[in-house]
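What follows is a pair of complexes built around chain A, which joins chain B in one and chain C in the other.
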Partner chain A sequence: MLVWSLSGRALVWSFAAILLGIVFVAPLAVIICASFSEQWNGILPTGFTLEHYRDAMNGAARDAVYASLVTGLVASLLALVTGAWAALALRARVDQWAGALGLLFFIPSAVPSVSVGLGLLVAFSQKPLLLNGTTAIVFVAHYVLISAFAFGNISAGLSRLAPDYEEVASCLGARPAYRLMHVTLPLVAPYLVAAFGLSFALSMGELGATVMVYPPGWVTMPVAIFGLTDRGDIFSGAALTMILVVVTLALLIGLERAPIRSAAPR
Partner chain B sequence: MTVSAALRGAEVSAAANAAAGSEVAFDKVSVAYRGSVVLKPLTMSVAAGEILAMIGPSGSGKTTALRAVAGFVRPAAGRILIGGTDVTNLPPYERGLAMVVQNYALFPHMRVSENVAFGLNARGAARDLIAQRVEDSLRIVGMSKFASRFPRELSGGQQQRVAIARALAVRPRVLLLDEPLSALDAQIRRSMVEEIARLHADLPDLTILYVTHDQSEALTLADRIAILKDGELSAIGAAGELYRRPPNRFAAEFLGRANLLPVVVERVAQQSGFVEARLGETRVVASGADHPAGAERLLCVRPQNLTLTCEAERSNRIEAVLREIHWQGELTHLVAEIGESILRVVATRLPNPPARGDKLEFFFSPSDANLIVEDGSV
Partner chain C sequence: MSDAVALAPRAARLNLGGWWVAPPLAVLALLFLYPLILIGRAALIDDSGALNLAAAWGVLNSRAFLNALINTAEIALASTIGCVILGLTLGLILAFAPFPGAGLVAQVIDTFIALPTFLVTLAFTFLYGSAGILNGALTSGLGLDHPPVDFLYSAWGVILAEVTVYTPFVLRPLLAAFSLVDRSQIEVASLLGARPLRIVRQVILPAALPAIVAGGSLCLLLTVNEFGIVLFIGAKGVITLPLLIYSKAIQESDYQGACAIAIVNVALSLALFSLYRAAARRLGG
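Right, the complex of A and B next:
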């Protein structure tokens, strides 16, 4: 306990509450209020309406929800599979190449997402890798940006896994594929779920690279929100933002409560 | 039903394993990590059905030797043979072994029965056979009632029993035990040692390689003991013989307490197997005929083989000054000084305890003492 006196603790708690309120709660509260407002001319909004949500659930906005969900799922699954593969492969190596190869995964996360989008746009503008104007380039952009987090999560899980489990399994006659499916992956399942959840959340909120590469028929929610607010339709943008938050949170909570029969070794 | 009878009904791979043979041989096996040698060329063998304990301090190479047999460590040189077949380049899953480790390594996402069935499932055994084996194996270790539990719902001792059942279920050619009792408290460890001894009595064909740093576990369980030091085999022999007649200082001190007093060999009687040596001004007779006259050696006498009473067979007599006396209930520990050496004595009955500073006479039999070298390897 850093602060012992009751008055001191009350002061610290108050400071923390104010800080959290300003940084986290206030922006979200403004968006929630705006999404239900008819007008907002003064300090507080006036009038209550569900019109913005009705608009969001129809037409282009509904397509944006669909595009974001599909992009998030495809990119996250890709990141999960390749991240797990790379983490497993690099874990077996003990030389200096393992560190260098691991670092490769993290490079895109250190580059501005707009630059990643630009890079992809240029890289995939010629045959045989002509992806410009396709939904595939959006998947690739999201995959490139989130794969580092999937790889990092799974690597962390594998590094905490005692080698005894896999060695005993091998000794008992389990071939590598059987051991992977029945021992290694179940034991790191919580990390796989976390990797998928984080990748999905990042993908759902990705804007920088997507605005550079998205084709006309595949507008994701962040792009749609950006478009709406850019045109001054703050209320519709706020409603779509709330839908984005709810969808993402629902999936993350669902993943967290998924009945994974494993959990890390105790 | 005896264990042997219980296993008879499901002998598919057991019979195959028996036919394949289960003796283990190290043929000049050495292991190096990044140029650093952790196991120097090791040559020794374990007979089928034998328990060989490998003991030694940390870093002695005992676990490395075990892991080389398992296939987790690739020898830098030499061969490992199981049942006469060179398995050096075989992956672990093709060696027909099973392993029990210190932290049990039970798969936490599987129930006890699934853990025990794991090896059989991995080998593609028939469902009926698996059910039978799981039942038999759990019965052998007294864990039948816990089949549907998860490992986290078991105590440490129970988890180790399940780990043993899991290993036995695949009817391994060789069972590798890597400090299996180290994580248990002293009381449970003692009872588990007895259980493993009983288990081997019921499964006499099972070859066991047992790695431990606990000499009492090794002495209780092993037919033979291999003592390793600094990646090298320091001594190997039948457990009782190695305890009574250790070949060198390290073996003597690692297997229980030993008094090691410097002597000079005077006369060797080849026929009797005894040797006469000089300890200061005193002449003593000890076993060990293969020492040349004039050689400097160590006289090894276990503390419990020294007495304060003279009996006919205890013809050796040495004088020492008592420095400490510690009464510990059943035993009394005496620490005496003889020249520059310390003499430790454990007495079970001491009706008239001596006092510090007393000059005492200690007696021991020539057959309870032997001459050893300061250091050496096999």
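Right, the complex of A and C next:
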């Protein structure tokens, strides 16, 4: 406790409340209000309506929700597989290359998303791998951008595991594949779930690489929201943003509550 | 027990070593490194397929590129400074003068990391836009003819949005560092008569400096790379490097120019990434 006097504490707390209110609460609150409003010309919005959400449930906006969910699912699952694979393989290596290789898997998170999209556009607009104009190039773009975060999460989880269980298993004669499936993977399961949630959330909000590569028939939610607001339809944009936020948070909270717990005693 | 673990041969841990890293490495090489190399190649070759250094050099000497570079640096620096100041202020209050529910507030701020960055920009349209709440209140309250608040469609709008979005990235390591500060040191200092500001300056800040540097350099990297906020603000005069790459490639179909700018942007980002890694290593070690 740094501030002891009652008046000092009241002052500090009201300062914090104003700061938090302006910076974090107000933006979320106006998006929620706007998504339910018919008009907003004065201080307060006028006219309660569910029309923006009803619009989002059919037509182009619904396709965007579908495209985002499928893209997030495919890219996150791929990132989970390669991230776990790379983290497990690097964990077993103790040579001087392990550090450099680990860094290499982190680098996609440092490169600007627009440049990742540009690179894919340049690389896969020509044979032998012609992906430009397909849905696959959107999956690839999202996968590349989230792979580093999945790898980082799983590596961090693996580094916290005590090797005891795995050593006991191999002393008892478990073969490497059996040990991986029945000991190591169950132990890191919570980190795999967390990595999947983070990857999915990042994919849902991805914009920079997607605008570079998306084909006309595969518009993700962020691209659709930009299209709406760019045309001046900011209320529908707010409603679609709210759907994006709710879907993302529901998934994150659902995964947090999932009955997957590490078997390791705490 | 720990001795036994330390003495156990490393090979007994897992036999997945050796070449097992090759498959994910191949995927990374094909989908990330190969496109990155092709960006470099495409920057130097024109539409006819001939080597053309002059075109790339021309783009990098253009007014548009230099302006974007300066904008990017200014916005990133100002946003990072803002994030560090706001993060420090909130972190100090949440950790050392916690109000009821401070833990929950810290968690809610943390979930901002998972939300799309353009959400804040869209919200700012309603809050500070020309027909927004603030201008509505001021015009009707003061009886003005036209909206007095007009910062949103400038660099300041981008900076304010980025501060909102990226402060959680500073706050997270800061709160972790603050939780390690010895509370008895603070109590002793205040019993000896040190004022709160002096305790912050002489006890808390030195302990939290590595976390500030790590969080700040991560902010710098993320704000240099930020695209959504700048695109959504859509102000004519506020073009950053990622936005310039987007408009060159998609709107002008000038891939060579876009690739030349992308090389500079990627190099800048990788330099900031190594700065962040060095800072994070100091934080961990």
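Here are some notes:
Note that in this section the second predicted complex is superposed on the first by the 253 of 266 C-alpha atoms of A that agree within 3 Å, B and C clash if a C-alpha of one lies under 4 Å from a C-alpha of the other, contacts with A are read in each partner's own complex, and residues count from 1 in each chain.
FYI, contacts are C-beta pairs under 8 Å (C-beta built on N, C-alpha and C of every residue); 3 or more make two chains touch, one makes a residue touch a chain.
All values reported here derive from a predicted model rather than from experimental measurement.
Once the two complexes are laid over each other on the shared chain, residue contacts for A:120 go to chain C alone; chain B is not touched. Contacts of A:56 after superposition on the shared chain: neither chain B nor chain C is touched.
Contacts of A:164 after superposition: both chain B and chain C are touched. In the overlay built on the shared chain, the residue A:188 is in contact with neither chain B nor chain C.
By the document's definition of touching, neither partner reaches A:239: not chain B, not chain C. By the touch criterion defined above, A:150 reaches neither chain B nor chain C. Judged by the touch definition given at the top, the superposed model places A:173 against chain B, while chain C stays out of reach.
Of the two partner chains placed around the shared chain by superposition, chain C is the only one that A:85 touches, whereas chain B remains out of contact. In the superposed model, more residues of chain A are touched by C than by the other of chain B and chain C. Comparing which residues of chain A touch chain B with which touch chain C, the overlap comprises 162, 164, 167, 170, 179. Within the complex formed with chain C, the chain A residues making contact are 1-4, 8-9, 12-13, 15-16, 19-20, 23-24, 26-28, 30-31, 33-34, 40-44, 82-83, 85-86, 88-94, 101, 103-105, 107-108, 110-116, 118-124, 140, 143-144, 147, 162-164, 166-167, 170, 176, 179-180, 184, 198, 201-202, 204-205, 207-208, 211-212, 222, 225-226, 229-230, 234, 237-238, 241, 244-245, 248-249, 252.
Contact residues on chain A toward chain B in their complex (touch as defined above): 162, 164-165, 167-175, 178-179, 182-183, 186-187, 189, 261-266. By the touch rule above, chain C contacts chain A in their complex via residues 1, 5, 8, 10, 12-18, 20-21, 23-25, 27-28, 31-32, 34-36, 38-39, 42, 86, 89-90, 92-94, 96-97, 99, 105, 108-109, 111-112, 114-120, 122-127, 131, 133, 136-137, 140, 163-164, 167, 186, 190, 196, 199-200, 221, 224-225, 227-228, 231-232, 234, 241-243, 245-246, 249-250, 255, 258-259, 262, 265-266, 269-270, 272-273, 276-277.
Listed in rising order, the residues of chain B touching chain A in the complex are 70-72, 91-93, 95-101, 103, 105, 107-109, 118-119, 121-123, 152, 166-167, 170, 176.
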